[in-house]
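Look for subunit A in each of the two complexes below; its partner is subunit B in the first and subunit C in the second.
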Partner chain A sequence: MQFFQARNVMEAVERAGPGSYFLAGGTDLALQLREGKVKPQVLVDLSRVAELKTLNASGGCLEIGSMMTFAELGSSELVRTKANALWLACQSMGSPQIRNQATIGGNLGNCSPAADGLPPLLALGAEVRLVSRRGEETVSLAELLKRRPLLQEGTLIKGFLIPDQGWKSGFAKLGRRRALAIARLSLGIAVKSEGSRAKKIRVALGAVGERAFLSEALAEMLEEREMDETWLEAAAAGAQQVVASALGSRASAPYKQAAVAGVMREALASLAGGEELNGG
Partner chain B sequence: MKKRGTGLSCTWYGTGYGNGFPDVSSAFVEIHDDGTATVLTGAVDVGQGSSTVFAQIMAEELGLNPEDILVCSGDTDVTPDSGTTAATRQTYNTGNAVLKAVRQAKLRLQEFAARKFSCPSPEGIEFKEGMIGVRGDPSRSMPLSELVWEARLLHGERFISAASFTAQTTPVSLENGQGAPYWPYAFGCQAAEVEVDTETGTVRVLKIVAAHDLGRAVNLTQAEGQIAGGVAQGVGYALLEEVELTEGRIKNPAFAKYLIPTALDVPEIESMIVEEPEDTGPYGAKGLGEPAMLPTVAAIINAIDAAVGVRITALPATPEKILAALAEKERGGSGD
Partner chain C sequence: MVELELTVNEKTYKLEIEPDERLIDVLRRRLGFTGTKEGCGEGECGACTVILDGRTVNSCLVLGVQAHGRKIITIEGVGDRRRPHPVQRAFVEEGAVQCGYCTPGMVLSAKALLDKNSDPSPQEIGVAMSGNLCRCTGYDKILRAVQRAAREVSGK
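This part shows the complex of A and B:
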């Protein structure tokens, strides 16, 4: 196996070819290497690529470089105010040690069914910037997650663009314990409201099936309604229906179907952010 | 909805191997002429603190500081067998052997000192803050190191001893159930406060109050640490830990899948040390290790019952089991 430490994106992409893997934080890849589940011919280390370690808000977007760690995002005031759902996910993912190492780009690249970063990014309407020798592409995360395979050979996740349009967002996760727990259910939700009325909704679920996904049906059911007690109950019941139909007869279905109501309630209770900031 | 409840649980636990199995600990002791002493035992300190306890016992007897004691433990080339670090037995059993051994070497030193200081009996010789001399007469005392040096080099005396302690246990008669399988017994009581989420079935243990009778706390900080460790294990036992088997093979043989509590899962722990001296123990001490985790499980399960009215009868009390029990209760309630 060859190991190559790239100094910039161009070098990284140049080195990526058949049998190559990009190494981000390594919290998933290092284990897979050790267990022999992946056998790269070339390992392209991204840890020294400064242009992937960026975080800024400009042009109506929050732009996050793929090599930003969960700890960095979770301690950013910018992320808290503009992407609360993601900020919340960054507080509970793994443990402090893992959050110091794991990156948001790696979270998508590994694309575990329980990836903590994906439901918030989906709910926030994130777009993904991809780059390869074939050129650059910007695609919505929701679309990208429908692709099989997720990424064409030699494609690098450069970063994420989160539109800054004054949405509130929230996140909740159900794990078997309070740290170092793989999500058994996770839910990201974003709401564009006018007063107490929900105008637009995006809601995404994780650990329900193969990949995190946006539920358009649930969003439609909750849009253009007063966010009152009835609405809250509808959101909980609606989430149960989505989980029931997504999981079908899987062994985990009866529990997850019931429990998602509580997760939805917690996610809604965590809704925050979206304040209009000067120069945002 | 999140509901809270409290539960209580008591334990009594016979320490030592029990049922007539020979329960023997041994120790070798030497008092040196530089004001230190050495104790050798086979007792292995796996983190619970037995080596510290033995150093404290030695220091207490010889009027030295625990850091003046070298504890050599668990080396089968040189240390005498002291049995396993199991059955909550090291402080009591090996502690007794160390105490017995050090008192033998100490007595010879007392006898030498009594002659030196013209004291009518060895019992009149006391050890205090590195000094040895006649009780109540500071003018007739000297540093321990100097006296041992004088005894060794000018009189050829050696302060070396070996002792064994055997715990009291008899087999239980299979015919009439009579016998005294264990001695001593440790007692404890714990209360748990939990919060149960009725929608997700998740249980959060908010607080455990743990009262334990350990006879006498040789080391208070270690005793509190053992209680905290026991409670943490009990929380895992009650809510998380499960060996999953498929055709005899363990499906979760690593900590990635066999979950134990993390620091965030361990509740606030308030420990209450109860000291009812045990006559046969070193300074009245008896074991605490295992009893500290035993009541936690039942206290948590009782607290869940108090919070949401369901009785979990198979461990661990997972969210799935709690939701299923709640649904069952709902059905039962509407059917009546």
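This part shows the complex of A and C:
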């Protein structure tokens, strides 16, 4: 196995070819290497690529470089105010040690069904910036997650763009314990409201099926309604329907179908952010 | 093989390692820092915790090559019998050590917390220690020890 430490994005994609793997935080890849699940010919290390370690808000977007760690995002005031759902997910993902090392780009690249970063990014309407020798591409995360395979060979996840349009967002996760727990169920939600009325909604579920996904049915059910007690109950019941139809007859279905109502209520209770913006 | 230069406990080492070699193996097998313990080997238990550039990581989930040019603190760099670190002293005084296997990782997580925040709340201590499992003590004594060390470090 060869090892190559890239100094910039150009170098990284130049070296990426058949049998190559990008090394981000490595918390998943180190384990897969040890278990022999992956056998790279070339390991392209991204830890020295400064342009992937950026976080800024400009041009109506929050821009997050793929090599930002969960700890860095979870301690950022910018992320808390502009992308509350993601900030919340960063508090509970893995453990302090894993959050210090694991990156948001790696979370997408590895694309575990239970990836904590994906439901919030989906709910926030994130776009993903990809780059390869073939050029650059910006694609919505929701669309990207429908692709098989997720990424073409030699494609690097450069970062994420989160539109900054005054949406409130929230996140909740169900694990078997509070720390060090793989999500059994996670839910990200974003709401664009006018007063007490929900105008637009995005809801995403994780650990329900192979990959995190946005539920358009659930969004439609909850849009253009007063966010009152009835609405809250509709959200909980709607989430149960979505989980039931996504999981079918899997063994975990009865448990998750019951549990998601509570996860939805918790996610809604955590809604925050977006207040300080015009038209919010 | 890849050339690796890293600083462990303020001493610089140059060596050659395999690209897929884990940091824990570099520390234990190549450099002899056997105070770093391997528990689960998959990032669930925190026994292999070391401090990498001021932040705790699981050395079983970090590749050695990722430590190139960086500074590591292992338990050997924290204190010794004659001059224990306040966290180590507090662990002894509170009886927070039973079998001792999780202790190096526990001490390093506590030290990393107190280095940044010498007056943590019980909740902050709980979060900082949440990535370290102990199967003996039931955690109460460990959390008390960290509080005691914090009082000593902050002078309260």
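Things worth noting here:
Criterion: the second predicted complex is superposed on the first by the 276 of 280 C-alpha atoms of A that agree within 3 Å, B and C clash if a C-alpha of one lies under 4 Å from a C-alpha of the other, contacts with A are read in each partner's own complex, and residues count from 1 in each chain.
Following the convention adopted for this analysis, a residue touches a chain if its C-beta (ideal position, glycine included) is under 8 Å from a C-beta of that chain, and two chains touch if they have at least 3 such contacts.
In this text, all values refer to a predicted model and were calculated from it rather than measured experimentally.
By the document's definition of touching, neither partner reaches A:193: not subunit B, not subunit C.
Residue contacts after overlaying the shared chain place A:179 against subunit B and subunit C alike. In the overlay built on the shared chain, the residue A:95 is in contact with subunit B and with subunit C. Taking subunit B and subunit C in turn and counting the residues of subunit A each one touches, the greater count comes from C. Of the two partner chains placed by superposition, only subunit C is touched by A:33; subunit B is not. After overlaying the two complexes on the shared chain, residue contacts for A:5 are found with subunit C alone; subunit B is out of touch.
By the touch criterion defined above, A:258 lies against subunit B but remains apart from subunit C after alignment on the C-alpha atoms of chain A. Of the two partner chains, neither subunit B nor subunit C is touched by A:241. Once chain A of one complex is fitted onto chain A of the other, the partner contacts of A:112 are absent, as it touches neither subunit B nor subunit C. For the contact definition in use here, the residues of subunit A common to its subunit B contact set and its subunit C contact set are 95, 178-180. Considering their complex, residues 1-3, 5, 23, 26-27, 29-31, 33-34, 43, 45, 47, 71, 94-98, 100-101, 178-180 of subunit A touch subunit C.
If you check the complex, the residues on subunit A that touch subunit B are 95, 174, 176-181, 236, 255, 258-259, 261-263, 265. On the side of subunit B, the complex with subunit A involves touching residues 197, 199-202, 204, 240, 259, 261-265, 319-320, 323, 327. The residues of subunit C lying in touch with subunit A in their complex are 2, 18-20, 22, 41-44, 46, 49, 52, 55-58, 60-63, 65-66, 68, 109, 127-128, 130-133.
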